[in-house]
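Next up: some structures, all given as structure tokens.
The same chain A turns up in both complexes below, where it pairs with chain B and then with chain C.
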Partner chain A sequence: MRKEIRLSGAGGQGMILAGIILAEASLFDPELYVVQTQSYGPESRGGASRAEVIFSNEPIDYPKVVKADILVCLTEESLEKYGEEVTDEGVVIADDSFGGGYYHPERANFYSLPIITTAREEIGLEVTANMVALGVVDSFLPEIDSSCLERAIERRVPQGTEEKNLAAFQAGQELLANVIE
Partner chain B sequence: MTNKILSEQDKTSDRVMLLQGDEAVVEGGLVAGASFFAGYPITPASEIAEGFAQKLPAQGGKFIQMEDEIASMGCVIGASLAGEKAITATSGPGFSLKQENLGLGIMVEAPCVVVNVQRVGPSTGLPTSPSQGDVMQARWGTHGDHPIIALSPSTVKETIELTIKSFNMAEKYRIPVILLLDEIVGHMREKVRVPAPAEVELITRKRPAAEDRDNFYPYLETADHIPPMPDYGEGFRYHSTGLFHDKTGFPRGKTEDAKKLMDRLMAKIEENLQDIIIIEDELQGDEEIIVLSYGSTARSAISAVRQARELGIKAGWVKLKTVWPFAESYVAEISNKVEKIIVPELNRGQLIGEVKKAAAGNAEVSGINKYDGTIIPPDEILTRIKEVSK
Partner chain C sequence: MRKEIRLSGAGGQGMILAGIILAEASLFDPELYVVQTQSYGPESRGGASRAEVIFSNEPIDYPKVVKADILVCLTEESLEKYGEEVTDEGVVIADDSFGGGYYHPERANFYSLPIITTAREEIGLEVTANMVALGVVDSFLPEIDSSCLERAIERRVPQGTEEKNLAAFQAGQELLANVIE
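Here is the complex of A and B:
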């Protein structure tokens, strides 16, 4: 098993923190190997930013995503850039603030979801969009227990913001549940 | 956020952590007994300074943020002479600035560790992108003939191991050791177990006997070429200088002193290659093609070679954990057994020159080179393996 996840967006959207949390969740499973890498520009906000996480049940040689099993895009730019680097059965999760419709509309596993809107309106903090996205990803990650992700969130988000971030994560889980219904 | 994790882990016996390569330098350094850090922040090495700033003072060590990299290197040499296990960390532009004092460290034989998390240069280049462009600078960046040791990890686990080795080799051979990471390894997170100090071999510098205090020669010629080293301030009076000196540590301006000291500095390393050169390989003995690499590039090489083997191609991989001194006799030996050697590097071809020299025409050596801040994916190496196997 080698599972490749790419989280992409703009600098400041917290994609790298989301990647770190995904990777950290593997700490609670002694059988799981993990590598998390990132790519970003010199700016602290703006510019393209991406985090990549690879899970495997054996040691991981090449540490980067070749073809993503799960791709998250919070910006249109990132969907254009990485949209093709996905496996045939791969899941693509895009924010619905941009069309996204042009991208393989026939694709079975394409989800255009109100990730940023949910963070802004339901949680009241747009910066929690990364946790909403993680909540969506959780449903496609049977290898990782949701409770491990929640523990990782508690450990990695800034102190005092655990509750908001967990609420955002749960909102993400529900977001997908609603679509699938 | 990081410190929250680490401090939480430290309270428990659970030493399994999700660490970046940069953080692994800090953890490995603390296991090795690092007690002093001086540096100046720079992407992609700042996390190393951050980690030592958080952790060293609590353990009785010292952290100093200096005004620049030149002063940082001077500070590290001073701390080393005063008896500390000293370390500094930087990236390309800062590594350039450290070169002059690095030469001083070699000349006064100050054990210390200099970390360079390589980014794309020259100048400020691409600050957040990986490179292996400082390989030759690590060897020849400071002027004049000189010995050097440079180690290069490809995983977070190896970063812990090689940080400990760097301190051990620095102390054992009284020499600055360069730890060459690249941005991929520096910023990559992997699940690792940090060993307890009791689980690893730790080396500290050889000291003079107390009774030698009144008749002390700091740069005495010994059988192993490594003079015992007291701490400044503990009563052994001596002089340190970048000028060529005799056993007293004072310069006499004599040409015979220059040759004698240079020969001894080189002999410390050249007579211990067996101990210093660390190589990992996966060879089945029937190889026609070898992919030889180091640092993060080795991970792509391993992936490519395993895929090639599945296709029935007789390929193997070699990973140099010690980049300098170069594994000359090892490469000379394999070049007699294989037909082709492929050297992927994140530069325009640096270590490949050494490989060609050692192979001396016995095997055909070719490079795969990237220097635009992207990395070499396994399929590019696999394509080359297929090409040369025809």
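Here is the complex of A and C:
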């Protein structure tokens, strides 16, 4: 088992924190190896942001995402950049603010969801879009228990914002449940 | 130019945040490529924590530390674990709470410094030991401007703690200046 997850968006959308929380949630599973990475380079100066998490039940020799099993894109730019680097059965989760319907109509596992809108309107705090996204990702990660993700969120978000962030996470879980029903 | 930095210690000592700040400081240099990684695995369940940062002026193909150019160890366990994975000219910065004098007496660039004591007694906040350590690291990183590190600290530490963390960073810079004089 090796699972590669890439979280991408604009700087300030909290993709790095989401990656750290995802990685830390794995700490509750004593058998799992996890590597969590962020890269910065001349190509990301425009404000793009990307975090990667790799889970495996063996030590991880190659710690870079090659083809994502799960890709999150909060901006159109990130979907254009990473949309092709996904496995055939991989899941692509994109914010619906940029349509996205044009993307891979043949891809079964493409979800265009109101992630940012949910954060802004339901939670009242747009910066929690990263936690809404994590809630969506959670549904595709049977390896990680939801309660472990919730404990990692409580540990890592700024003090005093735990409740809003947990609510955002749960809103993300529901977002997907509504679409799939 | 490729420079590998490993920050190690116990969980809760803020090595991951220090790694992120170090990586983000590089954003102010438009030419630099940076990868920042943390790994979790069965071997780290005891509460060990490790973050790695690699800087390069070319795209980084292999994003893992092989031999560190700079190694920070806030615990004796981490010095024992990573102390040998350092280049010949590499710098080892260890907290002085565990002696460390026994380690590599032939190594010219070994610094045993009161990092945790400085955080606790001078700043009044032991959790700022990670920023004291960053202040020490800064002196060995001519590639990164101190003011960029300070701006990254302000961006990333919890709101309201900026001043204490910046003071800790500056105390770290002085710590080394005092030793070298």
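By definition in this document, the second predicted complex is superposed on the first by the 174 of 181 C-alpha atoms of A that agree within 3 Å, B and C clash if a C-alpha of one lies under 4 Å from a C-alpha of the other, contacts with A are read in each partner's own complex, and residues count from 1 in each chain.
Here, a residue touches a chain if its C-beta (ideal position, glycine included) is under 8 Å from a C-beta of that chain, and two chains touch if they have at least 3 such contacts.
These figures come from a predicted structure and were not determined experimentally.
By the document's definition of touching, neither partner reaches A:Asp88: not chain B, not chain C. Shared-chain residue A:Glu31: touches chain C; no touch with chain B. By the document's definition of touching, of the two partners only chain B reaches A:Val66; chain C does not. Of the two partner chains placed by superposition, only chain B is touched by A:Val157; chain C is not.
Of the two partner chains, both chain B and chain C are touched by A:Ile20.
In the overlay built on the shared chain, the residue A:Tyr40 is in contact with chain B and with chain C. Annotation: chain A residues 20, 23-24, 26-27, 30, 32-42, 60, 63-64, 158-159 touch chain B in one complex and chain C in the other. Per the touch definition, chain B reaches chain A in the complex via residues 1, 4-5, 8, 16-18, 43, 127-129, 184, 187-191, 296, 299-300, 302-303, 306, 375, 377-379. Against chain A, in their complex, chain C makes its touches with residues 16, 20, 23-24, 26-27, 30-42, 45, 59-60, 63-64, 158-159.
Those residues of chain A that touch chain B in the complex are listed here as 17, 20, 23-24, 26-27, 30, 32-42, 60-64, 66, 155-159.
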